[in-house]
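Chain lettering (A, B, C and D) follows the sequence in which the chains are written, and residue indices restart at 1 in each chain.
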Amino acid sequence: MGGAELGQIFVNAVLLSGILALVALGFSLVWGIMNIVNLAHGSFIVLGAYITFFLHELLGVDPFLSIPVAMVALFTLGWGIQRGLINQVIRAPLLATFLLTFGLEILIVNLINYFFKADVRSVTTAYSGTGFTLGSVRVPYIRLGALGISLVLVALLAWYLRATRVGRAIRATGMDIDAARLTGVKVATIYAATFAIGAGMAGAAGSLLSMIVPFDPTLGGGYTQRAFAICVLGGLGNVANVVIGAAIFAFVDVFVGARLPSLSRAVTFAILVLLLILRPQGVAGKRV
Amino acid sequence: MKKAAAIAGFLALLALLVALPRLVSSYKLLTYTRFLILALMAQGWNFIGGYTGYAAFGNVAYFGIGAYTTGLLMIGKWHVPFFPALAAGALLSALVAILLGLPILRLKGHYFAIATLGVAEALSQVADTWDSVTEGSTGIDLPLKTEGEFFYYTALGFVIVGLLCTAAFSRSKLGNGCVAIREDQDAARMLGINTTLFKVIAYALSAVFAALAGGLTAYQNIHVTPGDFFKIDYTLQMIIATIIGGAGTVLGPVLGAAVFQLLSTYVWSKFLELHPTILGVIIVLFIVFLPRGLMTVLGRKRQRGERPFRMSDLLANVRAHRVT
Amino acid sequence: MSALPSPVPRIPGDSILEARGITKKFGGLAAVDGIDLTIRRGEILGVIGPNGAGKTTFVNCMTGLEKPTAGTIVFNGQDITKTPSYRIGRLGMARTFQVVKPLRQLTVRENVATGAMFGARGSERSAAQARHEADEVLERVGLADMRGRTATELTILDLKRLELAKALAMDPQLLFLDEVMAGLNQSEIEKAMELILRVNRSGVTLFVIEHVMKAIMGISDRLTVLHYGRKIAEGNPKDIVESPAVIEAYLGERFARRAEAAGEENALIEPGTFLKAPPAPAGDTLLEVKNLVSGYGEVQILRDVSLEVKDKEIVALIGANGAGKTTLLWTISQLLKPMGGSVHFAGRDITAARSDEVVGAGVVHVPQGRRLFAGLTVRENLMQGVYLRRDTERIEQDLERIFSLLPLLKERAGQLAGRLSGGEQQMCAIGRGLMSRPRLLLIDELSLGLAPLVVDSLLDLITEINREGTTVLLVEQDVQVALEHAHRGYVLETGRIVQTGPAEELLDDPRIRQAYLGL
Amino acid sequence: MKRTAPVALLAFALVLGAFPALAEDTILFGAAVSLTGKTAKEGEYTRDGYNFAVDTLNAQGGINVGGKKYKLAVKYYDDESKSESTAQLIEKLINEDKVTFILGPYGSAPSGTAAPICEKYKIPMIEANGSAESIFSKGYKYTFAVLSPAKLYLKGLIDLVMSKDKSVKTVAVLGENEPFSKEVASGAADYAREKGLQVVYQELYPTGTQDVSALLTNIKGKNPDIVLGAGHLQDSLLIVKQAKDLGVSPKAMGFSVGPSSPEFRENLKSNADYIFGATQWTEALKYNGDDPWKTPKGYATAFRAKHPKYGDIAYQVAESSAAVIAFSRAIEKAGSLDPAKVRDAIAALDIMTFYGQIKFDSRGINTFKPMAIEQLQPDGRKYTVFPSSVAEKDALYPMPAWDKRK
């Protein structure tokens, strides 16, 4: 492929990795702190997408402005789900929590399907698809904006975990639950907060995706899988790792996609498995 | 005395199962066959996931390999009869499982899970694109076989064999060793157990069962596509069945498969549009109240002199697994 | 121990295991540092040493669970330095784990049968025969009536027995026992000793790590003392415990001198040998523990503990390993739910409180092994201490205060806590505790694995903060350290308070030495 | 006895109530369509189409079989968009619900698994939504499809463009790796070559792809005159969105599935302008058939009267109704409900309907009905622009570059 194409593909990959980072952010937090692989993550993303969609369709709210709404809504939902359900089985065997979240996924997705029907939706604004050109490389505004917002949220979460009282408690609890208790942490609350933040981030990711890809209730599953892969690629335990993982995933996906599209996923997963065997702790991460 | 009664009951059940095709409509028979096939997969998963404690998330890969090997051998230029083809599929799966198992069984927990999942995804896409062999996404078509009884009896046979295998396994050194690995790998090693070897064997076993189920399903559905035979749904179903029934128990997988398959079929025919939602609710409730499966209710060993299960234990379960 | 079979005849010089220059490094520091050790066929080799001496690590190396950084191991004339652990098991070596490792979901019988299946003679046995063999072993260790129970349902004593049974079922020639008696009471210890001797008489060579001195003295043919990963003494048990080096390792150097002195007839001890702790201030009761019963699952560790701590006091709680000291602190701070009895703090009943409520009330626990948040920086660890505090404005100055008390921490403020040395970590842990502005500070094993100098500075710190009004309950295995700085002391033995009184009285009390050295 | 009597009565009532479909003068059809999952929307279209035709026929007194009037009824199940469920449900319909005939599911894959079951029980199935020829290459005798085969979908578009512009040289084809779309793609590519065009890009992407930027970038590099997409609605939407993102502006852009359904514009707004879409049927077509509605217009008006919520009518609705019509006509011809007889009647069927000619070749596909091409135009409406004989409006060509639009 020519230089121009290479440049374009490179930019595509960069833009994609931003969104993927946000997609995996909450997933990684919940996994890292609570050791729960949340298969319902995808359904949270879908909910975020629907919130943005309806705010735009019915009230004409600009999709970017609806992101905070989606985050708050999902945060609340996440808190409820954690306190109500997940907290009840959190010390059960690994697979129990796994299947619980799987059940949740089915439940939420099909409720959406039941109430909003399976119609394909997407948020299209006046500026959809517009962008600017660098040399021969197109940079669409929405994807650029999405990249920006993803990075801002990633940075925000990193700051929150580092600099705030609760954030510190969240990390502490993830490292040593009993020692955290000895400093007065109420673990159930911290877990709820962690899960809620994770859900909130998923909501934001959903809002962004609603502008980028056409979606229906089944959108989420694929993104849960991507988040899973990204966390493994990047490794847990650090927000920065998510970005690295997302970048690796995006670049492999886009570049392989450009050469042999029909095998893109196969190659991505082959690389994933190899990495796991060679570096179980993830490319950037420390062993967890 | 008690034993005699148990045996009598078992024989009666067996007789019923054998007579079933005469008693029910061929659709019901199909549903039962599906249940048996799911039970077969679950029995397989139970070896690696239940007894050895490794959360294998890619067993559908062996389901698919079994299906395609069986199918491709039966059609094309060979026209191998069904059972030899099926055996070949099982063998190939076992081989693949051994080769893959050696590296990935060193991973633990979620990392092992995603590795197996990745393998399954990759294989599915290979099947999707390798037109020259698998006819790609178009899929292959096996010879038409219409007798529902054939599939029912075959599946029934396999499941019974599976039960015997599992029972033998759980009494054997191998089974004992695998459980030791699940409970504590260091302790297991110190007890003189070659952990790597045992894990690989358990993994290969689970692959064989998945392959048998796959080949059987292929012959039954006739039409085999990567989309249908490599989809993660199968993996999840076998895990759910095992967990619901009770992982690491002899009867658990079959019991779980029965509950899951029959429940979902029922919900299916009753609620046209809400059935997946209801299924979700059922799974959630099961996990919340019986995170360790039905056998914790039914399978309490008598010689341990345990009291029978009380409803209050459900709440006890919840309390036991909650954090405050 | 009357009806014991007679000892097996020993061929002098016939060694079953030769370890040469065994070294095991973790990161920078060597847990085991060039140990040479020979085990003679048929003997019982006792091994003692304070916590952190590297005893367990040494066994891990011998049994292939960890590969030594340097050194060679020869078992029955065969070099097994590189042999995988499961083969070592089959060669006829077995071990028990200090932290018991039962196969939890399995029955006792299945547990032991597993050993019989894969042990030295496993290949000759079918699974069924192995189960039969297991029953015989269970008879020998007195677990026969438990065979149907799952391991999760056993008491600590039975779990220890199970640990031993699993190992025996492997038909070992050489058996490593790692603290099988910790946490047992007197009569249980008697039983255990008899059992161990029986095992040895049946022809099994034994390597016994034990803290319960009375026991180790009773059974060992030879005694080896490890300290800071080195072998500091070896020989006849009696001589060993009399040797100052050992007493010093155990009870501190002044105590050692006192021991020497005690050796000579009516020798005078020059005044000022002991620092006397400041006179106890007459505060009113702050912490009151009444008839506390506690433990893990079905296992009782605290059988009946009552103690009280007065305001502004430093109270020392001493006792051998496994006596239940840590369990007591965990129960007070509600990480363990009490099974019986009550805990009152400042007149308020906190028996059923949540752990965060306890901290809120002002009871702050500096846990054993520091339990710092390895991935957080020193500053973050300290700040985590203020989690429940609302008086934000004073936090900064408290932090400065800590830094002035512990300047080392200030230098390391930006480092990850996981990277600190043991002493720095202990400082950080105490600092984290202090940041919560405790009224009562619970400190578990202050001196554990720390060099004497560090310990001294930490003790000065404790005295300092106590002078400023913080009450302290200090749990220590190092008698001298504890008692020299406390006003009063309690002695905990197998889950019961066996003695209490002013610190200096306890210091002079010979029974303390006995409790520790079994003399 | 006193007590049991009412119970027995109740039970009896229940038994009766349970099987109204088995009442003497009703022909029961069975259908497993996707009401949840990936193709839930299309499944809904299918169900609406079947129901509308059945209700219309019943309103006219049902159909006449050997001098006896029969009403029609359909028993539905949801296959969750999973083809292995389809097989199971068809079994259920045939064995449990004792349906006489099968109406097809939505999609090629489910139809592919349904066919062998019908073959197994020798129950005729007319399906309206599975046009992959792989279904019909197996020599099944009991499966028929009223719709035109996949490989014809984009043929018309190529003809259209070539009639407009002699200078077109190059075509790019990208398709979803899935039986139906795969055939559409290869069919289009082959036809383009046959017409002397150069196929500069032909790739398949995996189902569920969420980002086609890489493919489009390659296509942009090749700068083709025509870009053809063979996937499902979601894919078509994604391709248009990202084509605009990346400024891929060929002279013509068309899709096998998507543009014909109202959601296409709802999702893309004005970005949908100038896009071509293949369609099995539009209400603009000028057929004059022998059925309750006669013309496409007639059908559309009647349907809207019943379903006000519908804007323009997706062709899946019409073809589904057509399947029911075909069945009814065949049954009347056969003058019996005997599956074998009806099967032969279907095979021999040759009728003109509001949906166009329905006639099956030896494999059971309706190769006699042409495909139509629609274009979404800037006035916000959708016009049939090919075949020219029935074109409502002239096609707008070439498509203006994205950044040249106001």
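We take it that a contact is a pair of C-beta atoms (placed from the backbone, for glycine too) under 8 Å apart; a residue touches a chain by one contact, two chains touch by 3 or more.
Please read all numbers here as calculations on a predicted model, not as lab measurements.
Between A-C and A-B, more C-beta contact pairs join the chains of A-B. The geometric centre of chain C is 76 Å away from that of chain D, both derived from CA atoms. Chain A and chain C have Cα centroids lying 45 Å from one another. Between the Cα centres of chain A and chain B there is a gap of 31 Å. Our note on geometry: chain A versus chain D, Cα centroid distance of 36 Å, whole angstroms. Residues of chain D found to touch two or more other chains are 36, 177, 204, 206. Contact of a single residue of chain A with at least two other chains is seen at positions 110, 113, 186, 262, 265. Among all residues of chain B, those that touch two or more other chains are 125, 128-129, 273, 276, 324.
Applying the touch definition to all chain combinations yields A-B, A-C, A-D, B-C, B-D.
Residue ranges of chain B in contact with chain C, taken from their complex: 171-173, 176-177, 179-180, 182-184, 186-195, 248, 301, 303-305, 324. If you check the complex, the residues on chain C that touch chain B are 63-65, 84-87, 89-90, 94-95, 97, 101-107, 110, 113-115, 117-120, 122, 127-128, 130, 148-150, 166, 170, 354. Listed in rising order, the residues of chain B touching chain D in the complex are 25-28, 30-31, 34, 125, 128-129, 136-139, 141, 144, 146, 217, 221-223, 225, 227-228, 233, 268-269, 272-273, 275-276.
Contacts from chain A toward chain B in the complex involve residues 31, 37, 85, 87-100, 102-111, 113-114, 177, 186-188, 191, 225, 228-229, 232, 262-263, 265-267, 269-270, 272-273, 276-277, 280.
Residues of chain D that touch chain B in their complex: 35-36, 76-78, 80, 82-84, 87-88, 91-92, 94-96, 109, 112-113, 115-116, 119-120, 132, 134, 138, 177-179, 182, 204, 206-207.
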